[in-house]
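I've put the structures underneath this note.
One chain, chain A, appears in both complexes that follow, with chain B as partner in the first and chain C in the second.
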Partner chain A sequence: MKSGILAGVLLATVSAAAAFAQGGPIKLANVAELSGGGATVGNNWKNGIDLAIEEINAKGGLLGRKLEVTHADSQSNPGVARAQVQKALDNEPYVLLGPGYSGSVKVTAPLAAEAGIAQIMGGEAAELTQGGNKFLFRTSFGQQSSMPKVAKYINDELKAKSVAIVWVNNDFGKGGRDVITKEFAKYSIKVAADISTEAGQADFAADVSKIKAAAPDAVFVYVNEEESARMLKELKRQAITVPLMGETTLVGQKVVELAGEAANGARGHVGLTTDAPVDLVKAFREKFVKKYNYVPDHNGLKGYLAIYMIKATTEKMGKVDAKAFADNLHGLTIKAASEPGILMDATFDEKGDIDRQGFLVEIVDGKQVVKQVLPKLN
Partner chain B sequence: MSNLLDLLVAGLATGAIYALVAVGFTLLWQTSQTINFAQGEFVMLPAFLMLAVMHAGAPFWLAIIIGILLSLLLLGLGFKLLLVDPMLRHGVLPLAIATMALAIGMKEAVKQFFSAEASPFPSIVPAGDVSILGRVVSLQSLGVLALAIAVVIGLTALLNRTSVGHQMQATAQNPTVARIIGVPVERMILLTFLINALLVALASLLITPIYLAKFSSGEVLGQAAFIAAIVGGFNQVRGAIAGGLLIGVVDNLAAAYVSTQYRAAVPLILLIVIILFRPQGLLGRPEERTV
Partner chain C sequence: MTATGKYLRIALGVAVIAALIIVPMNFNRYGLYILSQWAVMTIAAMGLNLTLGYAGQVSLAQGAFVGIGAYAAAIMTTQGGMPLIAALGVAIVLCFAIGWILGYPALRVQHHYLAFVTLAFSTLAFLVFRNEDWLTKGIYGISNIPRPNVLGFATNRPLPFYYFCLGSLALVSLAMWWLIRSPWGRAFVALRENPVRALSLGIDTRRYTLMAFAIGSALGGVAGTLYAPLTQYIDPVPFNLSLSLDLLMMVIVGGSGFFFGPFLGAMIAVLLPEWLRFTQGYYLMLYAVAVMLLLIYSPTGILGILDRYLAERRTKAASALRAVVKSRLETAP
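Coming up: the complex of A and B.
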């Protein structure tokens, strides 16, 4: 009799726990660059995530369950990022978010893959999705998608025959430098100077002097945001007047804020910008500014999109299943018409790369001005 | 050759700021046997104090004045009374460790109260260029260099040509004898701390528009200035000045003519070479053991 009661109590407890687990919050883990050299990246990414989660929870959550995220600081250090991801995975999150730095993604991706947890990250290094990792997804273009567009613009629009390349000596910078160099070769564009810099470098006087001595037709700058701002200031100080071309990290909102007037005239290809002529992006910008009182850079958009990627995929599955998540996101096209949070129609291929519209922008009077809209490929 | 002139001007401008910070190292060491490993953070903080005042609605000039006064209070008086005096009685090593802890505390506090992200900072030198020997040189580089040189000349004049300066030097050379001959040693030591606070506030004002205001910006600067002080001579103000200028110029020339990839190693190599062949630094004097 006693054992029957005990079994009944146990059964009830287990059932209640299972029911609670099913209806409890969906746990997400974010590991990002909340301090250190990538603080701009990480904090924008985090704020975008928080905004999206707040919106979804306010509307009743995902499949009736609230989303809950924990934020961990990688300190912009791959070693710390790896430890933080390991810690985060021990709590068995539904999806891992971040990091934003390619170097940190590179060392953390095997951990998430081993755990069978999808990782939605911000890194842009070409190699990240080329190694066959089935659990890694981009929120922005990889360098293999963006650099050909940059090189084509430099050749077709700027008509440059020689270009100085300035890149940051890490996985992100080296990846971009390697891809753009190959692209330049296709157009017979000469690399007038090939200058590597360090993350966190403060003084760019010597680097700019080298550019000046090389006398290129254009300069391609591929360093992190803060260093981009310092570089732009130094380029202006040393009166470099040739076109300055880059990617998102040269023409981001934070760069414009930090570089001030020196940012004017800089051009770049951006996968995402809050200045995009897209109504849903404009609405996102308004909501973000209202909540955080500043205009986000592309990382804010990336964090926001990451959450809506989770929402759309989970709703497609009709259940919360961490193990099936990655399989369902591969090959998925998320339409902005049915999921406005995705902002623009996006397709995720078998490697986890993203395909959607892109933009060519120029900084005019301290603001990003979209010069061209580049269509989705497929 | 023309490129060399650009590199020299930029290197001297950066080196002048290293010199300002390095002078603080030598002053504190001479008068109170204090090695301040938070010196880089001392340069970082005034910029944030000024930004805070500006965010409160004050104009830039007022923010500069208040920022300098707060620096004197916190980084001069407060540093001496609250950290150096209580710790120094336990020896130089505990004090050095305490300043390392202070550096971490300052960084974390600024990160917590302001932001981990960099912020722009206005320049006291107007934008624009001037032509020198046919080369376009930015006013900002020249302004930084001119102000830093003016400060260093003023400091040298104070030390060598005024009664207060002589008393400070006497305190630095032998505080016991200085006290016997009537020098107010404690007041001179306090004055040294206040001068250091003024120097770091000025360095902050000069360098932050270029380096941006960031909680971690003192790391690079503190390290460069420390190396400059050792290379020039840790116990000589003129050594610190020479060391600062040398590091600034060598760093720039190495980045331009050797490799940008290994530029961070160049000051360290210079440091090792100097320590091997002239341990007291280029212009320093050998320390004698007191019995």
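Coming up: the complex of A and C.
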């Protein structure tokens, strides 16, 4: 009798183990800037990932299997990022997530490609997807797709003939500045002043004086949120009245909160923002705030979308196959109607770039007002 | 030192070297990368140990020299298509020369004033790496840095590259071992302990101060030329002030002025945070606390503990001997 029970227990254990081997969790690995200069980027990205995974697992997982993610800190240093990605790849994850800094993406992308593992990352530098890497995917517009829209708007709508450019001197700011300078050249718009600023800069008085002296028809501001707010205040203080144009970082909710009155009139192209006039995005924002008690920036959205990109691709394949993943995501269109987690319809091209609708917004009385919806290209 | 003690030390040394060669054969790529990083950082820290530990000059510029070496390697091997050995030569000469010039303020100012001068240089180097696009590609960095062929062997795979780093570390260690036992090394120590007395003994303190700076900086350059092919991508960020501070910490935590101090210090700085990663978000805090506790317990670093222990034992043995002799003398007829 006793041996019968024992045999029964044994059998149960064995069969449970077998079931576990088949339906064990799907392992994902995230390497992001959890400390150092990019800590805001990395932690928003991480929280977005955790939120999406929690949702999917609560609904029974992906193809009946739970998702599991490990987070590793790159300390915002490419050398450390490389070590952590190496470690993550040694554990053979299904998909690699991150990093967010373009430099860290550049140093890790060849490793993931060599291992044949798809890498879904947050970097926005234009060149990342130009090198023919078949395993790298964006979660947001690269600068090569957002800047032409900004330049076109400045030329067509603002009819500016000379523009002052203010940018933050890191790979994000400089990348944007280089792309838009080329775009301006196409419209023969003159760069009246080319002003580089530091990340975390507190005082913009001297920079704004330079703008004033250059007397441009418009100002293009491409710095981080806190600095955008300080810049807007200083522009207001020195009574610069020409149109102010920027990107996601100039017209976010945080900038409006920090700059107050001074933010009114600022315009920008926005690809991914929690302020987007889209119901699914608003719902995402509410869920995020409920869980983490703060409003995420676009990096929170990127992390969230990355997980739903994995979900949609895997469901399309009907199986968990790391080797075939990248091939299946290339050319895939994910519709928000069938996969609400993707928030807005998105298409991924052969280079791993994303195509999605964008918005041109203006701050009016402390509120973002969408002036123009820029449709998805394809 | 007794003969058995000497053999014990040699045996220990051989065992450690054998372990460094054999054990990593089974490591995965991540483990090999971290160990290679340890070897590279040890070389940089050895340079600083010469400047700080032996010659007593505080420098916050060692990270900048690693950067100069790394950029020399990256630019010459990617754009010039030259072999790494050529870059190594350029890096050594360049860092030696700049280190020599940077040594001049050390003739006039000491301690924290000197720290500020070197800090300024560190910032200057960072700005050059970042703003001189035509040379360094600025904030975009330089990618696809090739790994070298050594004696006909390709070092593209992680294990051969690790052996390349380990071999370089061995060569640098031997050179350093010889240097600090040479009259130069003695002069450096004399300079640290008492510059006035050193001068009165006929040591050209001016020349040796500059020399300590120049050789220490050149070793930073050597570490840099290895760092570039290790990560295969460099941008200015890793070479900012925090690297100099890290290297300073390695020297002090390991035990400044001890030959093996940089080896242990680099181990703590490179490996300890990795071991602590299982604590997730707390690993950097725990690491910081561990370093603080260590320095409170032993301001002279890890090897300081060992040194203190050995000194105590020798004192005890000597006083025991004295007691015996004394009692013998007293009881003597």
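We take it that the second predicted complex is superposed on the first by the 300 of 378 C-alpha atoms of A that agree within 3 Å, B and C clash if a C-alpha of one lies under 4 Å from a C-alpha of the other, contacts with A are read in each partner's own complex, and residues count from 1 in each chain.
Quick note on the criterion: contacts are C-beta pairs under 8 Å (C-beta built on N, C-alpha and C of every residue); 3 or more make two chains touch, one makes a residue touch a chain.
Computed from a predicted structure; not experimentally measured.
Peer 1: Contacts for A:Lys87 in the overlay, against chain B (first) and chain C (second): which applies, first, second, both or neither?
Peer 2: After superposition on chain A, A:Lys87 lies in contact with chain C alone.
Peer 1: A:Pro78 contacts which: chain B (first), chain C (second), both, neither?
Peer 2: Second partner only, chain C.
Peer 1: Quick check on the superposed pair: does A:Ala58 touch chain B, chain C, both, or neither? Answer first, second, both or neither.
Peer 2: neither
Peer 1: Determine, under the contact definition given at the top, whether A:Ser35 touches first (chain B), second (chain C), both, or neither.
Peer 2: So A:Ser35 meets both chain B and chain C here.
Peer 1: Just checking: does A:Lys106 make contact with chain B only, chain C only, both, or neither of them? Give me first, second, both or neither.
Peer 2: second
Peer 1: By the touch definition at the top of the document, which applies to A:Ala337: first (chain B), second (chain C), both, or neither?
Peer 2: After superposing on A, A:Ala337 lies clear of both chain B and chain C.
Peer 1: Which of the two partners, first being chain B and second being chain C, lies in contact with A:Asn170: first, second, both, or neither?
Peer 2: second
Peer 1: Figure out whether A:Asp203 sits in contact with chain B (first) or chain C (second), or with both, or with neither.
Peer 2: So A:Asp203 only meets chain B here.
Peer 1: Is chain A touched at more residues by chain B or by chain C?
Peer 2: Ranking chain B and chain C by residues of chain A touched puts B first.
Peer 1: After overlaying the two complexes on chain A, where does the chain B footprint on chain A coincide with the chain C footprint?
Peer 2: In chain A, positions 34-35, 169 sit in both the chain B and chain C interfaces.
Peer 1: Inside the complex, what are the residues of chain B that reach chain A?
Peer 2: These residues of chain B touch chain A: 3, 6-7, 10-11, 13-14, 111, 115-120, 127, 129, 136, 138, 140-141, 210-212, 214-217, 220-221, 251-256, 260-261, 263-264.
Peer 1: Using the touch rule from the top, collect the residues of chain A that touch chain B in their complex.
Peer 2: 34-36, 39-40, 43, 169, 195-198, 200, 202-203, 205-207, 209-210, 212-213, 226, 229-230, 233-234, 237-239, 254, 257-261
Peer 1: Show which residues of chain C lie in contact with chain A when the two form their complex.
Peer 2: Within the complex, chain C contacts chain A at residues 28-30, 33-34, 37, 130-131, 138-141, 143, 227, 230-235, 237-238, 274, 277, 280-281, 283-284.
Peer 1: Looking at the complex, which residues from chain A come into contact with chain C?
Peer 2: So the residues of chain A in touch with chain C come to 34-35, 37, 71-73, 75-79, 82-83, 86-87, 89-90, 103, 106-107, 110, 125, 127, 169-171, 174-175.
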